[in-house]
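One chain, chain A, appears in both complexes that follow, with chain B as partner in the first and chain C in the second.
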Partner chain A sequence: MLVQGIKSRPVYSGIKADPNAVRHLFVLEGEGALALLDQAATLGQDIRSKTEVLYASTGSKPREHGQKLAALDFHDYWEAPSVAVLLNRFGVMLGTAKMGIRIYISGTEGFIGQAVQMAIDHGIDHNSLMTEHRGSEARRVQCVHCKGITDNVRTSPFTCSHCGLPLLVRDHYSHRIGAFQGVNVDAEAPGTAPPPEELFP
Partner chain B sequence: MTVNTDMSVRVAAITQVADKVKRFRLVREDGQPMPVFSGGSHIVVGMREGAVLRRNPYSLMSAPGDTSGFEISVLRVEKSRGGSAFLHEKVKPGDRLTVSQPLNLFPVDQRGRKHLLMAGGIGITPFMAMMDQLDRNNRAFELHYAVRTRGHGAYWRELQGRYGEQRVKVYCDEENLFIPTQAILANQPLGTHLYVCGPAGMINGVLGQARGLGWPAQNLHAEEFLAPPLGKPFKAVLAKSGKTIEVAAHQSILEAAEAAGIDAPYLCRGGACGQCETNVTACTGTIEHNDHFLEPQDKASGRKIMICVSRIDGSQITLDL
Partner chain C sequence: MSLTFKKETFRDDFSFRNSPASIRRFPFPFNEDKYMYAVNMEPHVPAGPPNHSYNKLIDVDEHFVAEMEDRAKVLKEDPLRYQALPHMMTAQWDTLELLMEQQAQGFPEHFSLDRDGDRWHWINRPMGIDRHFVFGDATTLPCEPFEFITRQAQGDFCIVDQRDGNLWMDAGMVTTQADWSLDFDVGMNFMEWHGPVPLAHQLGVFERALKFLLNLQQSKPVRRLNWTMTINPRLDTSPENYHKWGPDRATVTPENVGDKVHLRCELQSLWRLPRSNAILFVIRCYLIKMEELVTISKWARRFHRVLRDLPPELIDYKGLTRYRPVTVEWLSKFDDGAPTSPGIFPD
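So, the complex of A and B:
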């Protein structure tokens, strides 16, 4: 059960290094490492020497993307122990960055949403960010009733991890908070929620 | 068709502010307040001289919240089609004009962390209103203002007095001072937006440098109003109206259509907004595209024309108008 066809559903157009940028910052999570690894061979020395990479391996740790990224001759590579720590460092870097930097974000939708939100908070127009969805389809969903956010939602309906209501996941997306919206599915007749379907593997 | 919301105004004051630049203060004849506008807006001023009706766009330079009147600054253009010469030489305090509702094609991006304004010559005018708004909202901004001579540059002294020499930098050609664009653009904090207003060469030069330094398109803003260039006379067949009109050498198609009593849509009259885009069904001759709006492939197709500034070199064009 999913409500689709809503315009706010983000579109991730893919990452391609901008040759004009004076600094390239890749913000990657999990399988998002592949968005850079897949094109690393095509990046010239000029771009590699201006490239910094922030990476959190999360569930992709056994696949060792981090070692492959670290082996490339980028200007800087840093692996964070968690997404929260990565986002914190990303925010600090944005606070001192200058115009001319180009930001590339890749990973799960929940990760992209949080990184985009961090960039918006630093005055960046989200249309100037490049994003690429890699890895799980799991969603980050906000309960419209209690406002609690649940990460890695794989089914619809699902049980809100904060207030316990069964929530229907909509394609309705908030760019401001970087999450899809979940609405109580059995408000009229509590207890009649349909069984969860795995929609976001 | 367009709804006429023009306001009848009286010229309350005319001030010579620099060589060839006059400021006009316009107040409503009916005593009502002027609409509040946003910095960067322009109005279309309608002036009647005998049988000729001219309509030219001018940026509003007065404070956006000042509803007692609008102010515009007009540069006397040498090869004028008549608008600036008429305002400079014929219009006296007390005369009547009409003005359109304000329209903003050059707004401040409110999400920006800092606003970098670059003006060349008379391109200063939209920034006068913009700076008033930015200052009132406590937003970070700086102005880099290029003038030919100190005498040609309108308002630089007043602006430095109001906002300080740190925020208002003046560069004078005559003193061999030029805006150090490269150094400025390379050292701006994230979230800065760039606004350029001035001659086409300056706009293209500054925006080109910004793109080359990795500035994203979303942070670049420019405005240049074009006067419809002079050309050769031709015939325009207006298919929907069932009329054939003569477009004179000094007229735009839009002006010729209006003179024939046709209410064609328009907003900026300067090739920027896209409102007057018209389909071309036939053309004997070549279209001279003078606008900033159509995409190159649209211009190449020969099927669209912006009738406020573009014309043809040829004998006849048939329009879906």
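So, the complex of A and C:
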């Protein structure tokens, strides 16, 4: 049921600390912590002393990535109780950020989408952001009908959490909205929606 | 020639019809008996037999007033159909100038534009609009300039910004679309907003089209035709309202094909804008009922063959699956197998 192979689908090329940056800001969620932990041993003191980390553990809490990040001697480490709180702080930091900052984002696609959107809203070209997908394949989807966004969508079709229509998840992605597009799956014959299929485990 | 504007609807009771003259001026989108995607662009210069929709570069026809009423209704229900990112204001004025100039030059009985420096006077007689304003000063208009003029011009309008070797969908007035969402696509680049189109990416169509458009020159607009089909003469076939118009696709029967099934043609024109270096993308939608289309024998034969032999990916993408077989069967009565003449115009 998935409409696949669409060119607007984002590509996450991986994150690697840029030695020329004057300040490094890692914005991480859940398993995204591993994108930094996996390369931490290779980062020199020079980079670590200029590195700030924002982290929301979400579903990865039992794996204690946060404690491992906190144990490293970064310039600053801050753990947010939720993604919404993390994004709020990220937005405030972007408001005062200067030239030379490098931003690295890692976590689920839905998290990356929201963080990228926050950066775009502050005038940052999304191509200058480094991103790495870690953790669940769950998607953030906007209902094209009511415009409501549903996070952590694991199936297609799924039920819009706002208007209740059964939606097919398309591989059409908007950086501005930070979400995939969901379209009513049984519009032509209401009541005939196929059963949900787990496509984004 | 003075136009008589029809009172008609594109929703509810669907009273839209084409007059016989309006049928003959329809921009029939097939120049041969088969169809596949191509970069089918040509210079947008006046062409075609007298009164054809190709005669004027911005076309106004008998449906003008009714289409503008329908647009106003769509915007009232869903203001997100009009969007313009903040850096597009210069391009908004470019667009207002272009559309006012073209409509006043092409249809002086109905529109006039007088300019004294920055002080402009615009009259749109069919809609009863008579407005003095200062060009470049948005406070002298009731709304943004792009919205002001595109509430008075047939077709959908997108303004694409050019930067970083790409084109960006940064403003639009989109109320008569073939199932794509401006609200979702605004801010996307050329490859992204064409993302969902099947086959054409593999054919290299979009790479060639983008290269071509990046080099589009001022005063040398280009055009192409695109098409799909719509059940009932509904202009607003938006994805936003798909759950409202989708059920129509299941209502086609052998008895009602002629009245319900419409060929929907988009006359697309692209114009380099002088101040902003953006491109205005005009997507003008024309509808024709099957029973109107078959009054032109050449079109009846050709459309039967095109629809019968369409590649499966296009049948699916254009949403024709449910009603194509019954429509092909109905059209076959009008195809005697005789050869058709080249080109799109009626014989």
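Just so it is clear, the second predicted complex is superposed on the first by the 201 of 201 C-alpha atoms of A that agree within 3 Å, B and C clash if a C-alpha of one lies under 4 Å from a C-alpha of the other, contacts with A are read in each partner's own complex, and residues count from 1 in each chain.
Assume contacts are C-beta pairs under 8 Å (C-beta built on N, C-alpha and C of every residue); 3 or more make two chains touch, one makes a residue touch a chain.
Computed from a predicted structure; not experimentally measured.
Enquirer: Once the shared chain is lined up, is A:Asp76 touching chain B (first), chain C (second), both, or neither of them?
Expert: So A:Asp76 meets neither chain B nor chain C here.
Enquirer: So, does A:Ala97 touch the first partner chain B, the second partner chain C, both, or neither?
Expert: A:Ala97 sits against chain B, while chain C stays out of touch.
Enquirer: Given the touch rule stated above, what does A:Val144 touch, chain B (first), chain C (second), both, or neither?
Expert: Second partner only.
Enquirer: Per the contact definition in the header, classify A:Ala21: touching chain B only (first), chain C only (second), both, or neither.
Expert: First partner only, chain B.
Enquirer: Applying the document's definition of touch, where does A:Val183 land relative to chain B and chain C: first, second, both, or neither?
Expert: The second partner, chain C, only.
Enquirer: Looking at A:Asp46, would you say it contacts chain B, chain C, both, or neither? Reply first, second, both or neither.
Expert: neither
Enquirer: Between chain C and chain B, which one touches more residues of chain A when both complexes sit on the common chain A?
Expert: Touching more of chain A: C.
Enquirer: Quick check for you: in the superposed arrangement, does A:His172 touch first (chain B), second (chain C), both or neither?
Expert: second
Enquirer: In the superposed arrangement, which partner chain does A:His122 touch: chain B (first), chain C (second), both, or neither?
Expert: Only chain B; A:His122 stays clear of chain C.
Enquirer: Which chain A residues contact chain B in one complex and chain C in the other?
Expert: Shared contact residues on chain A (touching chain B in one complex, chain C in the other): none at all.
Enquirer: Show me the residue ranges of chain B that touch chain A in the complex, using the header's touch definition.
Expert: Going through chain B, the ones touching chain A are 109, 111-113, 185-192, 211-219.
Enquirer: State the interface residues of chain A toward chain C in the complex, per the touch definition above.
Expert: Residue list for chain A touching chain C: 3, 6-9, 142, 144-145, 147, 165, 170-177, 181, 183-184, 187-190.
Enquirer: Please output the residues of chain A touching chain B within their complex, sorted ascending.
Expert: 18, 20-23, 94, 97-102, 120, 122-125, 127-128
Enquirer: Using the touch definition from the top, list the residues of chain C that touch chain A in their complex.
Expert: So the residues of chain C touching chain A come out as 80, 181, 183-188, 191-196, 201, 239-243, 245-247, 249-250, 322.
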